[in-house]
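Take a look at these structures.
Both of the next two complexes hold subunit A, though its partner changes from subunit B to subunit C.
Then we have the complex of A and B:
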């Protein structure tokens, strides 16, 4: 998962109506099977509650879940924006000042050679159990993925195009702005898209380790109260938030990168 | 500024002579570009060795040679992208200079069109003006006026992927022309086109050159193309590249398609072909010649 240059996911998913129909059909079948198994085998809630029970629980506890989702989404989005800016900025620095590559790249890789969650106890200690620690954790996770994909994008530019712009008298900054950045956009977008889901995951996991609210906190509290329907309810909401975030970035990507 | 004004005057003088039917450049004029003892080594490989040539203002000079003879290295040097080895002499507008000083002073067109896919035809054409810091709106208006001349009328707002190969090449040429510099370097601009489109483009280029009055240095491996376009043809030797033969093309302008079958043309062609043949055999027989040869090691 830890963002190796996502070459395989360069193209944004482009849904036509047929794949959309099949996708919806798949989800419906999956839910029906789940419902059938849970009810048919009379499974206890701590093993697998029925989907209908989960949905009912989400509805009755919508106030709690909405507040929690608001918490988590805020943490994820703010951390995401900070992380994306840091990632792009680092890649820009390395491209404009090539000397820094030898220092920055190994340092960034070393920090990210362990799962980011491993840092959470330290981050909670330094930044407290409020939102700032979640911002930092999410930003840490997102910045590395975005940094690597942006750098790969900057490096992918055609040497001959660089030479052409140089022959017109362009400096590094002009080449970065007019050539490297647009060339890198598809890879950057892939990194940004993958990072949406990671940001929600990291926010939730960090909340479970210490927080005043959020979906991770709700899950943790529900486990303590042995309320597994509530755990599933929070998971459903988190999953919906993740998908919405992913879809939003994918949509923006298709609008901006029209030439692919 | 001073020397540019002066060379602008030279350029106008040159174009006046060129527009009369007299066979182009007058040797009395100081050359716009002068190369002497120009050499370039890449590690063990000597790409160019002792190349010499002088290009007069307003002249159309074509360079032909066997593949891998260092033509592109030569062009990269003149475009300012690569420094020649010590001892090489490069003079531009009468002043001796380093290659990198030529960056931004020579309008260079590489083999591939290298159009940016996210920019329209117009916006691709104005890149050099944008880099010079000229206002975008005026540049666009100027580019729009030039579209018909480049056979692109009505295509200004299209994106490169919507165009044919010949049109893309014309956009690239238009971009080169919009970078208003005395010297234009064209590196096999029509190499990727089919034979028919290519001859159309050659005649069209001559027409545009006649109107815009620039100095052109044109690389090709096509002997017909070199003779049809040039005032002068420089044949390069097999690697290491130096001048094998310099031939004045005393054919009247404007040149028409049937020129290539005239006896004078055939006569010149025979001379050039003989020289190239000799060099091609040399590079074919040279040890290690079977290894793929590239003009510029990456």
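Then we have the complex of A and C:
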């Protein structure tokens, strides 16, 4: 997972009305096709339940799903904030004290050479199956992405601008605040945006291995009870939560980085 | 002066090629040295601060475990590697193919692309339960999850790359009578290649994630299975050994893809 800044992978959300219409049309057609196939071929629920059945099940079990979603979103958001803070802090430390780069960067890359989800058994053993283990997992997943994109942003600054500010007597801190941070913001924001979806997914993955509640726990229980309508219901809710989180951060990004 | 410029081209290729061979070797040696230093530091820290093995076992203990019972780790490594490779190859091929189709058919892209984005917000592991149900508990079920994680970034970056082609270059080639096919092979695809490789590098890590998570659904062999078994038996040493093997697999695969990138994108437009 080392290397590229994540901004190259997910394009910034941009849409005009025609694109939007087509997109909505595509989703509607997809749902109709799904419904038609599931009903037309009388597919059993364990193969593919109809969308209407899933939505009905979400409505009847809304209490369970809402509680679970609240659980998962809390874990994801707390872990996300911790991870983002750690990521930015590490990038700031490396920029202010360049000596630390030789230690911190390889260490972060080494930790990240293992796929994040592979840590979850270990983290569950260390922190128990309550919420703290999910905070740690989400923070771990988010911090590296944010760290890399922030560092890439700080490094992107034009050498000559740094020299100019320095010639006016600006210290490292002033250069960081007045020049590097504004330059880095678009890349940082891209890292933060990509991390939103990842944070919810990682929270759910960790919940499935052990938890007292949450969407992952609901999915796991539903799999055990062979209740696949419920699995799909939880998937729908998780997907909606991820999209909402993604949209929220994207909205904040457009507000804060108005010059982009 | 003329003598030196004459002799230079003759001597240069030999010198640069031996240097080219030496440089990666030196880099590899430096990486190994850092690795040894890290393990030494780790060992020292655990001993000095008397950290309980439950939290952090000594690396020597982990390597001893790997050495004494290598069979499950080797089998797990091979199994997970196979799943990763199948998922990665199919995901990359599908991603590039769909990227090309979307590039040509704008309407189709606008129709389908939002679905792709939504599909990426589905938690993989939940999907895992369904995929295992659909494909049975086979190698392909795991590869399907790796595929699912891989194809999206490749599609997006293929599109981005194809769209970054300079319209003036395109107009120039057209004015020479280039067919759409020639345009693709000579200009558009080569221009997109650096972007595609950025996604392939990312996809190499994602494919491994998919394979490991996929194994959590009732498989018997694989690195993901070893991780779960380690958790249930609270065998921290085994978990760490598996983590190290996964890191080795991930890093090697990543390095191979990055190597292929240097080979194919020799003009180095990116980086």
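Basically, the second predicted complex is superposed on the first by the 252 of 260 C-alpha atoms of A that agree within 3 Å, B and C clash if a C-alpha of one lies under 4 Å from a C-alpha of the other, contacts with A are read in each partner's own complex, and residues count from 1 in each chain.
Convention: contacts are C-beta pairs under 8 Å (C-beta built on N, C-alpha and C of every residue); 3 or more make two chains touch, one makes a residue touch a chain.
If you're wondering where the values come from, they're calculated on a predicted model, not measured in any experiment.
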{"item": "Superposed partners subunit B and subunit C on subunit A - clash or fit", "value": "fit"}
{"item": "Partner chain(s) touched by A:118 [first = subunit B, second = subunit C, both, neither]", "value": "second"}
{"item": "Superposed model, subunit A: greater residue contact from subunit B or subunit C", "value": "C"}
{"item": "Partner chain(s) touched by A:19 [first = subunit B, second = subunit C, both, neither]", "value": "second"}
{"item": "Touching partner for A:28 - first (subunit B), second (subunit C), both, neither", "value": "neither"}
{"item": "Contacts of A:168 with subunit B and subunit C, given as first, second, both or neither", "value": "first"}
{"item": "Partner chain in contact with A:159 - subunit B first, subunit C second, else both or neither", "value": "first"}
{"item": "First (subunit B), second (subunit C), both or neither touched by A:179", "value": "first"}
{"item": "Smallest separation in angstrom, by C-alpha atoms, between subunit B and subunit C in the superposition", "value": "9"}
{"item": "Interface residues of subunit A shared between complexes with subunit B and subunit C", "value": "none"}
{"item": "Subunit A-touching residues of subunit C, taken from the complex the two chains share", "value": "34, 38, 54-55, 107, 110-115, 118, 120-127, 129-130, 133-134, 153, 156-157, 160, 195, 198-199, 201-202, 205, 208-209, 212-213, 216, 223-224, 227-228, 230-231, 234, 236, 239-240, 242-243, 246-247, 250-251, 254, 258"}
{"item": "In the complex, subunit A residues that touch subunit B", "value": "158-161, 163-170, 174, 178-179, 182, 258-259"}
{"item": "Touching residues on subunit B, where the partner in the complex is subunit A", "value": "76, 79-81, 103-108, 110, 112, 114, 116-118, 127-128, 130-132, 159, 161, 179, 298"}
{"item": "Interfacial residue positions of subunit A with respect to subunit C in the complex", "value": "1-4, 6, 8-11, 18-19, 22-27, 29-30, 46-47, 106, 110, 113-119, 121-122, 124-126, 197, 200-201, 204-205, 208-209, 215-216, 219, 223, 228, 231, 234-235, 238-239, 242-243, 246"}
